[in-house]
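Below are two complexes that have chain A in common, paired first with chain B and then with chain C.
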Partner chain A sequence: MHPTSLMMTSSLIIIFALLIFPVLSTFTPTTKTPDWATTHVKTSIKLSFFISLLPLFIFLNEGAETIITSWTWMNTTCFDINLSLKFDQYSIIFTPIALYVTWSILEFASWYMHADPNMNRFFKYLLIFLISMLILVTANNMFQLFIGWEGVGIMSFLLIGWWSGRADANTAALQAVLYNRVGDIGLIFAMAWMATNLNSWEMQQIFIASKDFDLTFPLLGLILAATGKSAQFGLHPWLPAAMEGPTPVSALLHSSTMVVAGIFLLVRMSPLLENNQIALTTCLCLGALTTLFTATCALTQNDIKKIAAFSTSSQLGLMMVTIGLNQPHLAFLHICTHAFFKAMLFLCSGAIIHSLNDEQDIRKMGGLHHLTPFTSSCLTIGSLALTGTPFLAGFFSKDAIIEALNTSHLNAWALTLTLLATSFTAIYSLRVVFFVSMGHPRFNSLSPINENNKSLINPIKRLAWGSIIAGLILTSNMLPLKTPIMTMTPLLKLAALIVTVIGLLLALELASLTSKQHQTSPNLALHHFSNMLGFFPSIIHRFSPKINLMLGQLIANQLVDQTWLEKVGPKAITTFNLPLIITTSNSQQGLIKTYLAFFLLTITLAIILTMS
Partner chain B sequence: MFSKHYVIGNNTSGTFVIWPYGRCFPEGPPGCLFPVKGGSGIKGFVESLNIVAAMGAHLARRYVTESDTEPDPKRKYEFDPQFGFPERNEREMVASQEQMNLAQLPLEQRDYCAQHLLKLMKCKRDNWPNFLSCQHERHDWDSCEHQDYVMRMKEYERERRLQLRKKRVENQAEAA
Partner chain C sequence: MATAYLTHQQKVLRLYKKSLRHLESWCIFRDKYRFYACMMRARFDDSKEEKDLMKASMMLKAGEEEFWTNQHPQPYIFPESPGGTSYERYECYKVPEWALDHWHPSEKAQYPDYFSKREQWKQLRMQSWDKEAKKNNFKKHNMQLQTSPMTSTCDVMENL
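Presenting the complex of A and B:
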């Protein structure tokens, strides 16, 4: 075996072994020490991160990629399912990023969850999630990808419902599972189509054998799967509801890693997508709609975690738009940069929430720039990166996407929506910073504010460095796989920046209105649409259960039970016969006088006739 | 921001020249249909702002005013590339098929600037971990792609003007 591929294979196997070992050790009957989470789990992830840098450096130095098929799992005469791992550009770059972000989040979680009696189990769940995510990312066949896909879904359910005594948390966990299940239908359909038509689930064979097929249906299935997992419009309400889980869960699953799995699937399947115009247009329009709708919903939210959740959904919509532009590597770049600053935003939110005695409403925060300077500074850095401030991490990916959108020969509606959503991103980001960091405190003075903790500062610091330099490092090391168009007029080039600045100025103006007693006239309720999340949960969460229950009542109860089995069957006999019986018996009642009269008449007639 | 990478570019003498709104580069292709005059310095910048303010004229032209003569960039052009030129050579690729196969270039990147990309890829591989190097090769590739874009714009504008000319000739023939 060539030394390069040997080193890469060994690194990957060692990473998996390091991650699986703590999980296996929990199956032994020995009780774990209270600091097992920090000593074993966090250490294994830290080590895995440093080991994962080796294949990354080999790839950057030599461009080496490997596909490792190690175990024949289920093989029939013409259909093989093997354990095969693909270490190409996407998985080689994403794995260290996922491990770095997870390392930071686990260190933060050791501070955030220190009062939780089941912290060890919490860390175990996070570790199982990470293993599933890496299985998904490194999968070279659809079956393995499906294993990872379902694994992350299940762990999401368990982690959202961590505080299972809370009804809202249980509802949110169920919501996540149900919406993801709808998406899974698409994935399973695509897998079934591939198995029957292409006779394989291995990605290389799928790409080669699908050249002469019309791939619209399986691609729409994959898009449905991405819609469910990546919270696109229509299957998006689970993501803000998932904020019921602890903040480390929101930071890891619902911002950086799990929710990008849908986009990652489409990036992996991009050779199939690139020749199908219907699928590309679907991605473009769905992504544009998602990014604007969720950015609109984020404008009027008051829960700091919900704002970040909608922001995540909006960025996922932007990634979907990029897929629709046939630029999967740009979508992947945005996945990587987004992981850093979004995780950092969540960690800062968690630090602030804990410092203010579990207060999550931004209207009850304020002045934290003086009280928690480090946290609020990193919140500002993360928000600036999110808005695409030049030369931070988000700029390299977001600006590239918007430039590609501006210079492509595609519909202007998607472009308009995306630019509007970019503006809204600036608005809600500034709103968060304004209400949280600026101004005067709007909370009680007896809050346990203390950010002077190594476990809190170090992870946020690491992610802050990532948010600043990750974009530069990634774009400098990765050559684009599609030639970017660098020629455009200054207005197009600066379009993203202009709309962001307009949004910031607008937000500053609107936010400053809150400190003045200013009655707006006319008194319009324009914010209702945004505040009620577009009325989407109100309509859908009531409508379809009501329809189902009504249909259930109508068909099962009224139609079958009451009508066919009662009214038409046995009771019909009664119904028809009873009036006849009643009429007959009624007609023969109360006639005794008539009978006597007839009797007398008959006797009289008989006597008269015999007498004559 | 106003470097030579953009459509409102500058030629070697440092003057601002505006394209494609009725003017050509001084060193433009032979057979250029309009004479050359460009603004310089501040005047050119102000003129370019006026053009920026009037952006969208191409959309009005495409869909409203000249929808019958605007060429469709996705379809093959009607006019022969040699029409109007005494001699015009076909472009030749510098990078060979074999070189591009060895570098495993994706199909979309196998264009007339592939030789610069191959040099860039080699430079990146040789200079790693110094990821800030290879700026010169990167610029060469970007510049080549920019010139390629400008050439495509010019071909489009040539086709558009020839269509307008054809319509003018037909109208004159009908009037006569």
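Presenting the complex of A and C:
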């Protein structure tokens, strides 16, 4: 066997073995030491990361991709389901990034969850999640992808509801499951269509066999799946609600890895999407709407984690726009760069929250630049990367996307919405930095705040390095699949930067207004729309269940009980018979002697007549 | 003695406190908040000498309506308060005391000092319960309730 393919295959199998081993060891009855999480789980992920660099470098050097079909699982005469791992460009680049981010988050979690009595279980759940995510990313057939898809959904449920004594956490976990389930309907429909029409779930066969089919329906199914998993508009409320979970969960699942699974699915299926204009337009419009709507919601939120959650949703909308532009490569690039700075933003938020004794409201933070300079500097770096500051990580992907959007001959409405969302990104990022790091503290000095902990600083430092150089490294080493348009007017080229700067200046102006005395009752309609999340949760979570329940009550009470069981049955008999009975009884006068006399008279007459 | 009805004073004070809290949610910086809080206090103080309860109730109603229109949609809630971010967070770790009875002997052996005295403590608690209940006038307000998990209903009725 060729040494290259041998090295690739074996290193990738070793990664899976290294990750699965700690989970299997928990099934033995031996009790684990309190630091099992740090000694076993974190070490296994760290080792897996370094081992995953080997296939990455082989790929970068030789362009070697591999597909490993290791086990024929369920095979019939005309339908095969195998255990098949695909290590192409996307999974080879994403796996080290996911492992790097997870390593940093686990090290942070060993500080954040230090006082939790079930820390070992927490780390086990995170590890199972990571395994499911890698199964999803490396799947070569739809069945394996579905296993990973459901796996990440279930682990999301368990991790959001980690503090299960809290009613809000349980509601949020259930919300996540239900919204993801609606998306799963789309995925299952697409899988069923592929099984019946293309006779396979293997991706290579699907791409080849689907050339002559009209793929609108399965693609809409896949888009529905991505809408559910990646919190696009319509199925988005679960993502801000998922902030009920501990911060390491929010950092890993709901910013870097799980939520990009929907976009990753569309990137994997991009050969199918290429030629279907309906699906591409759907992605474009849905993504544009999502990115603007969630950026609007993020403008007035006061919980630091909710702002980051809406920011994630907005970036996912941007990735969906990119897919709608038929640029899956750029979407994947944005997935990778976004993972770094978003995870870092969440870790910085977590560090701040923990230092302030679980205070999450930015109205009660402030002056943290003096108290936790490293954390607030990294928060600023992450925010700058998010807004697309030139030459940080986010710039390479975000600017490329907006350039592609500007130079494509697609609808200008999507373009306008995306540019508006880009400026909103700058506004809410500045708002966070302004309220958290700048000014004077607005909290009581209850506990000594410091960042003298290695397990806090090192992860954030690693992710900060990633946020700064990952964009450059990725674009230098990944060949674009489609030629970017090289010539455009300076205005188009600088459009993203201009709207970002406008947003920044606007935010600075608004921020300076907060400390001035202003007119006491401004027009609050826009603020309330943004703050109440566009009233979407209020309407969908309350109004439609209420209508359904009232309809149910109407049917049960009015239709069945009152109508069928009363009015049509017994009451109808009553109403029909009652006039007859009344007439009959009223016509009786009660003259018994007279009736008896007449009766006897007529009987006597009848007897006499018959006798004669 | 607390009743179900609030006095006028209680209602006014509750309105004042919640309007200050919502003002704090709107005016994030302390100096600006202090200014508007003083204005709010002045508004309340202007009408505090009103003797006619009808007029005072109408003013309270107007105040409540003004509060309703100007309230903050996401008021600041302290993390441990109901509705806060870490409210009930540690409920799942709060195990009731009787769960200790169900520990495996090997687990109990890890804490020998505590478990050797545990039965004694249980007996002491049962004996002192009646005394403490009498001291707090417990039985007067809770005649129907079983006052102790250990005593039977007959004992309760006897002692009434």
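We adopt the following convention: the second predicted complex is superposed on the first by the 552 of 612 C-alpha atoms of A that agree within 3 Å, B and C clash if a C-alpha of one lies under 4 Å from a C-alpha of the other, contacts with A are read in each partner's own complex, and residues count from 1 in each chain.
The rule is short, and it goes like this: contacts are C-beta pairs under 8 Å (C-beta built on N, C-alpha and C of every residue); 3 or more make two chains touch, one makes a residue touch a chain.
The structure displayed is predicted, hence computed values, not measured ones.
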{"item": "Fit or clash between chain C and chain B when superposed on chain A", "value": "fit"}
{"item": "Partner chain(s) touched by A:P490 [first = chain B, second = chain C, both, neither]", "value": "first"}
{"item": "First, second, both or neither for A:M74, with chain B first and chain C second", "value": "neither"}
{"item": "First, second, both or neither for A:W163, with chain B first and chain C second", "value": "second"}
{"item": "Contacts of A:R442 with chain B and chain C, given as first, second, both or neither", "value": "second"}
{"item": "Angular separation of chain B and chain C about chain A, which is computed from CA centres of the superposed model and rounded to the nearest 10 °", "value": "140"}
{"item": "Which of chain B and chain C A:L481 touches, first, second, both or neither", "value": "first"}
{"item": "Of chain C and chain B, partner touching more chain A residues", "value": "C"}
{"item": "Chain B versus chain C - smallest C-alpha distance in the overlay, whole Å", "value": "41"}
{"item": "Chain C-contacting residues of chain A that also contact chain B", "value": "none"}
{"item": "Contact footprint of chain B on chain A as seen in their complex", "value": "57, 60-63, 409, 473, 476-477, 479, 481-483, 485-491, 493-494"}
{"item": "Interfacial residue positions of chain B with respect to chain A in the complex", "value": "1-2, 5-8, 48, 51-52, 55, 73-74, 106, 108-109, 111, 113, 117, 120-121, 124-125, 128-129, 131-132, 142, 145-146, 149-150"}
{"item": "Residue ranges of chain C in contact with chain A within the complex", "value": "24-25, 28-32, 35-36, 70, 73-74, 76, 79-80, 85-94"}
{"item": "Complex contact set, residues of chain A against chain C", "value": "117, 163-169, 301-303, 357-361, 363-364, 435, 439-440, 442, 514-517, 520-521, 527-528, 531-532"}
